[in-house]
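In what follows, a structure is listed as structure tokens, so that the remarks can point back to it.
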Amino acid sequence: MAPMTLFSVADAIAAALLGLLGRLLPAGAAHAVTAPDVVLGLATVVFAAILLAASMLNTILLIWYERKLLGRFMDRRGAMHVGFAGLLQNFADGLKLFRKDTVRPREADSLGFWASPTAYMITSLLIFGVLPISTGWNDGSLPLTLLLALVIFSFAPLFIFLGAWASNNKYSLIGGMRSAAQMIAYEVPILLAVVAVVVLSGSFDLTTIVNEQRNYWFWAPLFLALIVFVAGMLAEMERIPFDLPEAEAELVEGWNTEYGGMLFAFFMLADYLRALVGSILVVLLFLGGWTWPSYVPSALTSFPLAGIVWFMVKTYLVFGLFVWVRAALPRVRTDQLLRLGWMRMVPLALLSIVLAAVVVAARCLPVLGCIPSIGG
Amino acid sequence: MRGVELSAALAARFGDKFLGLDPFPGLVGRVRFDPSVARALFEYLRDEQGFVHLTMVGGIDWVDHREVFYTLWSDRDRTYLQLSADLPADHPTIASAVPVWPGANAHEREAWDLVGIRFEGHPDLRRIFMPEGYEFHPLLRSFPIHEPEELEVKARSD
Amino acid sequence: MADSPARTGSPPLETTETERPSLWVVRPLATAAKQFAKSLWRPSTIVYPFERLEDPKFRSAVGVESGRPIGVGEIWDNYRGVHALNIQTCISCNLCAFSCPDVCIEMVTVPGGDPKHPKKCPEIDYGKCSFCGFCSDACPEGCLTMTTRYELSVHKRADMVYSPQKMYEVFQSKLPMNPIRVARPENEDAIRLDPPLCIGCFACSRDCPTNCITMVDIPKATPKPGEKPAKRIWKEPVINDSDCVRCGTCISVCPKDCLFWGSRE
Amino acid sequence: MWINMGPQHPMTHGLWNLRVRVEGEVIRDVEPEMGFLHRGIEKISENRHYNEVITLMDRCCYVAGMSWEQLFIQASEQALKVTPPARAEYLRVLSAELQRIASHLMWYAAFVQDLGLMTPFLYGMRDRDLVLDLFQSYTGARMTYEYMRVGGVRNDAPHGFTDQCRKVLDWLLARFVEYDQLCLGSTIFRKRCDDLGVLKAPEAVAYGVTGPMLRSAGVRRDLRKDRPYSVYDQVEFDVPVTDTADVTGRYLVRMEEMRQSVRICRQCLDWLDRNPGPVLADHLPRWLGAPYAPVGREAYLLKRNYPTGLGFSMVEEPHGEAGAYVVNDGGEHPYRVKFRSPVLINIWAAKRYLPGYRIADIPPIMGSVDVCVGECDR
């Protein structure tokens, strides 16, 4: 029996649904709807729906988590009245935003104004299609998942700038320009840090990268790369201390100043989706994904759905780190940010590539041959 | 006595344009001067008497005339001095103190806005609190305080 | 920091930096983490509708003594909130209305007075009130006081106006009253009479809220020997200073302006 | 490109407009615009009795009400020739210093939030609440105190207040350490704030800038020391100065000022414990001694000669040097009241200290000015 994956689950659901439908229809039509191609098509839709639901639920949970955590850092409570400990507060907020009128400034460019949040949202969701959450999620589907994820991730400045430009507001424009500059500047160290991981794991496939961490997680040899990657992710996610594009003190709300109602909710959700993606990437690349080193007792790691549970635990811990940073650090300035990116992060990332190469080379030495070398 | 010294010095320098120095408890005194020597007096007080800091500029509407007063602070003597000049009500104009103390800018705009005193040589004498084009100077006694409707209508017509 | 000059009282130096960044951002991160640990169980916020600082039990639990103060602990019940009016003791002296800087107090007739001189008590429009407390400070009988109630939201603007009866209900609800009695100068001025101007019209004694003005007979003029004494008996007011609340009603009703404020001596 | 930063803008902390001309992100010129919060307090004061003006003073600057009350009361006492008793003076100084702590805490909260760090905002507001609780416990209100009167103060502090106050002061001193850790201990903070918004001493003096902004430029000028009003000559404290003239310098000056305020407060509390007495002057004119408006004051004036006079008072307010000039023409109300707002002038000097920096620097620089638009527009 093939290992159960998320897609096989979706396939089974689709088949069952269509079978049910087929029983209600006349024979000819039933034959048509239960054709393998139709089942496959519906299975894809179901798969996407599951992914969408999981990612959105997690995002909303993430917002709640940040609110509660940030509240404790600030000696207050965060959301607490809607639902248990305020769990449903974000749904209430979302409902409120849904009901709100979406106002478009008269001079704003209509197409860009509407397209930008939608595209931002869609690209952010798209990344979840390639992220393996655990062994049974969507592994082995694509060979270059890491690169694909990063490529989709880097679409964002385009749409942000589009929305900023389209909303015809000076704050938005400045925010958009900052956003573009910052994201492009931090793409480089992020990619270089990822190269270090790739050197060590020998693969662009996220599943392979995780599997390579069975023996030791990559954060230990690649600590420098981790720092670069986390800092770069903070910049990409536009979170404090690198949230200059929406620096509310000087730019009101930055590039989404003119957005309200559902469009703002899109931006907001997409921001947290990207934060989730960032945390997931950190876990995948450096913290061993759903695996544990072999010396961890297997009782801890082998219960049903252990992979997903541990993966989410790690992800939320990483995001907690981001929240902690947000609670303690002020925002840096654009020039300082760029200088940090180009002058500090890039050399550090390069150094970490060298370190990764050294580790790989050391593994090949017969003296240290206890570690199995990597193919390819 | 600082006041006596200053009085003598001012009398020697400005002659009859210096109208006297009244005692004012807690201050050096209150110098009354003729508005025609305002600029020279400011420069003299700043450069030679050490009153480096302009603390306030304001106006008083005494119905038949208007008074403009300045308060200066001397870092050397750690004390205040008040200047006061009477201006005719129909033409309340005096030289601006901005070239002497740049900080006078906002003070003088405020005095123009609220009491209607014109400062000649002010770089940017516009209203500061009231809307541009507002008809009244609110701190004048002629301000129609008891007819709010009138105020509202006139403000809106701008 | 323990030997900060301000703490020890020794002569301090120039302003010095008490902190230097160490390891870039480790210090603030550590501080935030410390606060996180501290507020994990009980953050410093008050869950307002459920916990109230005016609740003595709650505020003593979160006072300065508790180590993690939310309030200062004991707060005296002198908050200036909604007014309480004791209609029974109100003497309709008008002082609260006179003293109000925002002109939000109007004296309205309440049942209980005699028809000729209806009893008037204050009605307060909280839409205008600034809670300065001048009215309760002015009240000579202590019948208009301020309570610790601060929740005033209403749905209609008309509900912002508190009638005397409504304030009497507040009084009857036994809220903690503002215990502060204002310092009054020892040597208050009192009302004096300019006798030659008085026409003996009784207006002052009729309108005096405390009935401290009595009209006494005076001989108008000493009759000359052999002349008949004047038939008409003149009266003029005599004011009992210890009962007088100095509301000035008599001055304002005097048709001849013969009453005035004078020093006690 | 001109950008309107305000009147509704997170940077303004109130209601004013900073027009900024930028090239790229670099500021070339600024133009502050005021008046959005103008309530005509000077005009209203002309139509109110002296004691009634105090209600306006609390609303003039809503974070430093006590200082403004003290300012106006001192000026009117001079104009009316009234001397308050010593205990009232100590209570006033205590109130003003507590107010300074509260105001600086408010400043701290808002300023660090301008840098994008929200946590200290909550810390500052949390600890300011303790000071407000203290105010509530002896004045009866948290922000609009109406505590001082011509000739004294409204009431004495309740029994046991001084002990409570001492405990709060101890607690606050311990908190200041945490504030410094969050700000000074952070490299990002130092990188943002060092050499930012520099206004050197000669320019600061020429522009009439006062308060912590001036002291951060190295000018040791504090009216509490230079021209001691009230009982500031009886208490021991120091005037902190730095010579950096930048945002960090202003931060340091304010932080040390809070510590010095604690020191002054403690001395006042000790004095208050030892010296009971009246808190309102004797022999006040009837209509001033009473807390309420005079009835028949006109009649009073007909019979009496009432002193006329001028009153001038300057107070070292948390934001800078505030001034009041009261003209008493013997009438029932002051004939003219003129206030000097330190904030107006400190903002005005933005023309001098903002150009050359970047847009992102505007919030911390203006935050370090400590803007209170209420007193600026009056």
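Note that the chains take the letters A, B, C and D in the order they are written out, and that residue 1 is the start of every chain.
The rule we apply is simple: a residue touches a chain if its C-beta (ideal position, glycine included) is under 8 Å from a C-beta of that chain, and two chains touch if they have at least 3 such contacts.
What you are looking at is a predicted structure, and each value in this text was computed from that prediction instead of being measured.
Undergrad: So which chain ends up closest to the centre of the protein, judged by Cα positions averaged per chain?
TA: Given all protein C-alpha atoms shown, the central chain works out to be D.
Undergrad: Using C-alpha centres only, name the chain that sits farthest from subunit B.
TA: So the chain farthest away from subunit B turns out to be A.
Undergrad: When all chain pairs are ranked by how many C-beta pairs they have in contact, which pair ranks first?
TA: Max contact pairs: C-D.
Undergrad: Could you tell me the distance, in whole angstrom, between the mean C-alpha positions of subunit A and subunit D?
TA: 48
Undergrad: Counting only Cα atoms for the centres, state how far subunit B is from subunit D in Å.
TA: 24
Undergrad: Using CA atom averages as chain centres, what separation in Å is found between subunit B and subunit C?
TA: Taking the average C-alpha coordinate of subunit B and of subunit C, the gap between them is 40 Å.
Undergrad: So which stretches of subunit C touch two or more other chains?
TA: 25, 28, 31-32, 35, 44
Undergrad: Among the residues of subunit A, pick out those that touch two or more other chains and give their numbers.
TA: Counting only residues that touch two or more other chains, subunit A contributes 73-76, 327-329.
Undergrad: Please output the residue numbers of subunit D that touch at least 2 other chains, ranges allowed.
TA: In subunit D, residues 119, 123, 126, 182, 186, 188-189 touch at least two other chains, as defined above.
Undergrad: Line, ring, star, complete or other: which describes how these chains touch one another?
TA: other
Undergrad: Would you tell me which residues of subunit A are touching subunit D in their complex?
TA: Residues 70, 73-76, 170-171, 174, 240-241, 243-244, 247-252, 327-336.
Undergrad: Residue numbers of subunit D touching subunit A in their complex, please.
TA: On the subunit D side, the touching residues are 1, 3, 5, 9-11, 25, 112-119, 121-123, 126, 182, 186, 188-189, 191-192, 358-363.
Undergrad: Residue numbers of subunit A touching subunit C in their complex, please.
TA: 69, 71-77, 80, 324-325, 327-329
Undergrad: Quick check on the complex: what are the subunit C residues that touch subunit A?
TA: It is residues 25, 28-29, 31-33, 35-36, 38-40, 43-45, 47 of subunit C that touch subunit A.
Undergrad: Help me check something: in the complex, which residues belonging to subunit B touch subunit D?
TA: Residues of subunit B touching subunit D: 24-27, 30, 52-56, 58, 60-61, 69, 71, 75, 78-80, 82, 101-107, 110, 114, 127-131, 138-139, 143, 145.
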